[in-house]
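Residue numbering begins at 1 within each chain, and the chains themselves are lettered A, B, C and D in the order written.
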Amino acid sequence: MKEHLKITIIGAGSSYTPELIEGLIKRHYELPIGELWLVDIKDGENKVSIIGSLTRRMLEKNNLSHIAVHVTFDRRQALKGADFVCSQFRAGCLEGRIRDERISLKYGMIGQETNGLGGFANACRTIPVALEICREMEALCPDAWLLNFTNPSGMVTEAILKHTKVKVVGLCNVPVIMQKGIASILDADEQDFVLQVAGLNHFIWARQILHEGRDKMQDVMDEILAGNDPLVPSNIPPFEWPAELLCNMRMIPCAYLRYYYTSEDILNQEIKEASGEGTRGEVVKAMEQRLFEIYRNPNLSEKPKELEKRGGQYYSEAACELMSSIYNDKRTIMHINTRNNGAINGLPDDCAVEVSCMITKAGPVPLNVAPFPDDTLRLIQLIKEFESLTVEAAVNGDRHAAHRALILNPLVTTGTVLEKALDETIEANRDHMPQFR
Amino acid sequence: MKEHLKITIIGAGSSYTPELIEGLIKRHYELPIGELWLVDIKDGENKVSIIGSLTRRMLEKNNLSHIAVHVTFDRRQALKGADFVCSQFRAGCLEGRIRDERISLKYGMIGQETNGLGGFANACRTIPVALEICREMEALCPDAWLLNFTNPSGMVTEAILKHTKVKVVGLCNVPVIMQKGIASILDADEQDFVLQVAGLNHFIWARQILHEGRDKMQDVMDEILAGNDPLVPSNIPPFEWPAELLCNMRMIPCAYLRYYYTSEDILNQEIKEASGEGTRGEVVKAMEQRLFEIYRNPNLSEKPKELEKRGGQYYSEAACELMSSIYNDKRTIMHINTRNNGAINGLPDDCAVEVSCMITKAGPVPLNVAPFPDDTLRLIQLIKEFESLTVEAAVNGDRHAAHRALILNPLVTTGTVLEKALDETIEANRDHMPQFR
Amino acid sequence: MKEHLKITIIGAGSSYTPELIEGLIKRHYELPIGELWLVDIKDGENKVSIIGSLTRRMLEKNNLSHIAVHVTFDRRQALKGADFVCSQFRAGCLEGRIRDERISLKYGMIGQETNGLGGFANACRTIPVALEICREMEALCPDAWLLNFTNPSGMVTEAILKHTKVKVVGLCNVPVIMQKGIASILDADEQDFVLQVAGLNHFIWARQILHEGRDKMQDVMDEILAGNDPLVPSNIPPFEWPAELLCNMRMIPCAYLRYYYTSEDILNQEIKEASGEGTRGEVVKAMEQRLFEIYRNPNLSEKPKELEKRGGQYYSEAACELMSSIYNDKRTIMHINTRNNGAINGLPDDCAVEVSCMITKAGPVPLNVAPFPDDTLRLIQLIKEFESLTVEAAVNGDRHAAHRALILNPLVTTGTVLEKALDETIEANRDHMPQFR
Amino acid sequence: MKEHLKITIIGAGSSYTPELIEGLIKRHYELPIGELWLVDIKDGENKVSIIGSLTRRMLEKNNLSHIAVHVTFDRRQALKGADFVCSQFRAGCLEGRIRDERISLKYGMIGQETNGLGGFANACRTIPVALEICREMEALCPDAWLLNFTNPSGMVTEAILKHTKVKVVGLCNVPVIMQKGIASILDADEQDFVLQVAGLNHFIWARQILHEGRDKMQDVMDEILAGNDPLVPSNIPPFEWPAELLCNMRMIPCAYLRYYYTSEDILNQEIKEASGEGTRGEVVKAMEQRLFEIYRNPNLSEKPKELEKRGGQYYSEAACELMSSIYNDKRTIMHINTRNNGAINGLPDDCAVEVSCMITKAGPVPLNVAPFPDDTLRLIQLIKEFESLTVEAAVNGDRHAAHRALILNPLVTTGTVLEKALDETIEANRDHMPQFR
């Protein structure tokens, strides 16, 4: 077993990075890191160098100065021989995200980075870059595991699974928050029960909660219906579920399903925000600026509290636990994006799904997923078809595939409005979507 | 072979009836009608008696006075021993339809009688009555064929197939209009080519156009893309298809698919109409009043020209040809709603689909349907799930099924808006939806 | 519409050819043949020249001397510009068939030319030749229809569908005999009822018999169970069906299903025959010699009665009716081997199935097939998998695929016996199976 | 957590019981047994009382005399309040098994207790008794887990899953032997790797062997192909696999698949044995008599070595580990018969399959099974259909279902031979198959 792991972080100038560093520090006794490579692009020089310095201070404070920290723009050097690669870059930066939100809202649609028109645009910007990184990994670190947090995580993972040989795991904090929320409802330790989730990224349902010999699904749902819903990430508006829907479902939809089950309410809220405090992207951008102000403080040597409001909490938990579970063959049950391979009946074998897996040294082994009720399956199939066509459009620059993808998505308006919105999206992103030329 | 057929028309006070009578007259040499029973409810007394008189004048003019015409409110007597039953009643009358349209629009949704919230409401009003009629048929004319034109035709047919033993065929004029439109593009006789359609009622695609030894699909699509689209019924706004979509589909969507592929444009047009000339239901109501003014003219003894503007043209053609094809074992290829039974892969065997069939004495034999492309299949599966859950809700008065149905439909807005719209729909229809009490 | 059709017969030296000529003569008023090309290989020179002379005498007797008859070994010349190509060659001649039978019996298995080890061997000899012919057709007569009677007809058709662009229809006399047998039971004309069959070549079931407005399935089964079974070709031993099986099936298995449902009885009979009158191939060989003695009589100018005992009766009927139905767009319902394309649920879209089709100018349009009961479907899936793996083995010379194919077939013995039988089969056919080298 | 478990053994007079007792003794520190109930029928009085005495001596020797041992014929008393029920009875005793073997061989078929005609007969004798026990459990110990070892374990489990509410787990030693064999090939501890198996009882394949971060499938297969095959139970003839088949499969068939892949060899060996040392049942019967001679020795207080030759080794290991894993929520990966629920695509949700599961307090959670290759899936589907129809026949005494089941099974001869063999089977078992009257 390797004793000096090389970990490479792509998009290390992200404001999330300190959480990841904190996670690695916490696990230092079980995950022997030798080198840490922080990679970003030239445009992010300022941010990544702030992060580099903070990282060094954090390691030093924890007596881990023996870990070499490299800040670089040379991605190939950083990838060479890496054991784990964490991908958290944002193609087109927050400006791209904000643009997606504003274009969507302009045409009367929800603007969001992983679904609808915004998710489509984000996928088209991101997937070409992700595949480029994977080509380099195939050459420079073919045995490395790629932990992808870059959104839209499900579609990016599917593109990598379909078009490269890289061992990729797609991660998301949504199921982690569900696990923690359920733990708090059950008043149990997180490892004391088996939560099984299934679906697509940002489109999952908790299907089973095994605890002390029983399925506690109904107990947990009763709590949520009673108004105690700790399963919602801080960046999702906490609308109440349609009670009639929820109490008959026998499974718990993840918070992001609010975008589908209460789309009108979300749209109205987004419209209000856009003309007030700003879109989510704009809020995050302001938050990021404040965070970097804090990070640059030379006396800071730990993750600041303020980061928790940022929205992506527990990403680092997922990432660090995954690395450790692979490295130590811990067989923890985690909820990740991986190749379907028959797990969800009614979806193609080669698509990406988000399911609960036992994480072993040889990779994730998905648990069997009980068949979904027909109506929920239809929704999942629809969104997966949107995702797969979006991946096709993103890889080949195929406008027809783009159109077919978007027309299926219930968050996307159809007709002449869609044609105009799609034109504007491609035009506004012309520097980041060369495939559509 | 029977030589005196008894034909019963339920909802005979409809303004469509003269077209049906005309169709029967045209085929008098091959369809030996002995009795014609015109049934309606007390509230429709005035209209049905006008129709009765007109019918007698039309028969007389064509020297068919030997056909006995009975106008009655006694449905059981009219059904007893019938050979063919034509169902064209409208539960809740045009007032119900107009109410559906206005409620839908109030909540920002398309208002229409066969899909979305309006289609749901119409199904919930209509299906209980349709099943009641079928119970009577099981007792009084178990061998009769039921020709259902009552909308929503697909859902009504499915309810009858699932819950009764009646031999039902669901009819619609949409594929007839496609057949005629394609004939005009090909400059061919309607029986000179084989058109194959498949999908659900108001949700079909032309899949194949065999003519003179070739599939003429591409030729027909080229004409349509060039702006010559005679496949649109007069009651559907003739928006152009998104060219990119259509020219890559290799199949022709029926005009009603505009509601899905150009929903925003349709919604805007409906909003405009509602505050101008009136909703479709209101326009039809005014038109009906004018038609009945004409019908009551004692000198009129043929179907008046004005009826053609009414929208349902060719219904009679479909109905009369179907009766004749069954009676004479003609094996005409017709496009009807029937039990899926494996025809469209990916849908349950027991649901209703609209497919091309060879019509024999023993009933319709569907042609095999080539598998749909995945993305189109996903849409069909979604709408079928909406329909099947709506049927369940309509039969059992199950509000949870209603909610699950509506949440799937892309024409229906979700969230608190939906809850309110559903409440208002059920409340406004309380006299016609006793099942929800 | 072409007025001088060119028809090419590959393997014209077959003793069946006079029946085909008779069929063409019968339809001369609707099928305007200009040229008839009789092709065979050098080894068959004697037989094909006898057939050529007989053909000319038959045409002359019917005042059809204007039809040019060409006897040739130049296949390319014969194919050039052909409108219909009938393929009835036998790769490896009757000697190959006899060898298959003897090897199978030696290892305790049924020996037969379309299923089991014999069917496998026949496919491996035949498919390479069939594909060679198709390559020539792609170049020399790309619009021609290929009517394949060469056995194993299902597997040969599948190989052609998967590996060439030729418009192929696989034909068999088994469903024709069923149609005629049912007509005799119903005392009806063959065109007076709709028979629907489905399955694989030599592995079909009658699923529906629509006659005078009813499904007459049960009536026909009652007759068969009462011992009146005219549905059996003369070359299949007329064992009785297991009554319990048949009377609960609600569909009629074709006679060849005796090989599966009564395999032990068939095997015992074959063993007896092999040590007595000879195997089927040997019997046919002797019969052929007698037939050619008759054919060479210069006074013979019609199909002799003796041919009817040969076993393949009604092939010509199927072939000629198919050509006429295509040429005249007759829309006759025929039962043919064609691409599945969703017709039988549970089989791949691209495999060959034998189903009832409406034959149009543009080719066959299969009727929808109601889902099979699970247990029957399992058998069909198994045999289809055997067939598809056999096609793969035949095309690629893949011994592993051959082994996987054979191990699935219920008529094939497994274990060391199979290994030896497979070795011997390949060795004994080394001149006809170059692909396995 | 309960501290005095009540364990009930049905069919405790089996010669296997001492191994089970040994397994319980080994785990006494983690599985706090309070009472042990040994149940058998009157006819087994002698054997069960010998077992009872031996059990007491074994417990005493291990200082576990506080565990109360009850020997009884009153099954209801024994079941009342039980925590775990182990079912290992044999309906019709060894005489029934021997009869099955002899009848099968007489008609030229393999005679075996879990597949073919013998498996069918065993299921028909056993399932009615198993369901009777389950009815009692529903009333007397509704929360107990039923560990079923009674053969045919897969079909018995399926009958219980379909017709009762009992929490049943079907067990078999075959996957345990595979796990141990693979451990010996890998030179690893059994818990050091993840073996994943899937299929049906006695019809499974090892699909994955995760060890030290790699799938070791190919390494293990290479060893087996080199002749080192420790995966075969002592009661299965160690024929070599057809090398061509095995080395291209990428999965390891369980030893029982020899019955399908080398059926001719097994049949020949059985014929030889039947006329020599006796059938397997006869050999076991003699062995049992010797074992009971040993067991009755009052000085014996441990499981004797001789038991290992008996064939069912490691049953106890599976049973005891399962009880402990449920009791202690150990989440061991075990290979058991449970409800399919989507695990193996292409099989009904409600049938029993044998798959690898994580065993939790709340029961087994199956791991996802990657889709099988088509040809293997076809075999599995066929055998499952045989099993499900056999269960139907066993429950309802439906001879038609029996016939449909047997005709599908590749180990069963068809035709008149089958009719006779089935008649004789039902007649010879008339005391044990009242359902067929």
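We take it that a residue touches a chain if its C-beta (ideal position, glycine included) is under 8 Å from a C-beta of that chain, and two chains touch if they have at least 3 such contacts.
Quantities reported herein were computed from a predicted structural model and do not represent experimental measurements.
Relative to chain D, the chain whose mean Cα position lies farthest away is B. For this pair, chain B with chain C, the centres built from the Cα atoms lie 45 Å apart.
Mean C-alpha positions place chain A and chain C at a centre distance of 58 Å. With each centre defined as the average position of its C-alpha atoms, the distance from chain C to chain D rounds to 46 Å.
Taken as a contact graph, with one node per protein chain and an edge wherever two chains touch, the assembly forms a single closed ring in which every chain touches exactly two others.
Residues of chain C that touch chain D in their complex: 108, 239, 242, 244-245, 248, 260-266, 374-375, 378-379, 381-382, 385, 389, 399-400, 403-405, 407-408, 410, 413-419. Here chain D touches chain A in the complex through residues 194, 196, 208, 210-215, 326, 329, 331, 341-343, 345, 349, 355, 358, 360-362, 365-371, going by the rule given at the top.
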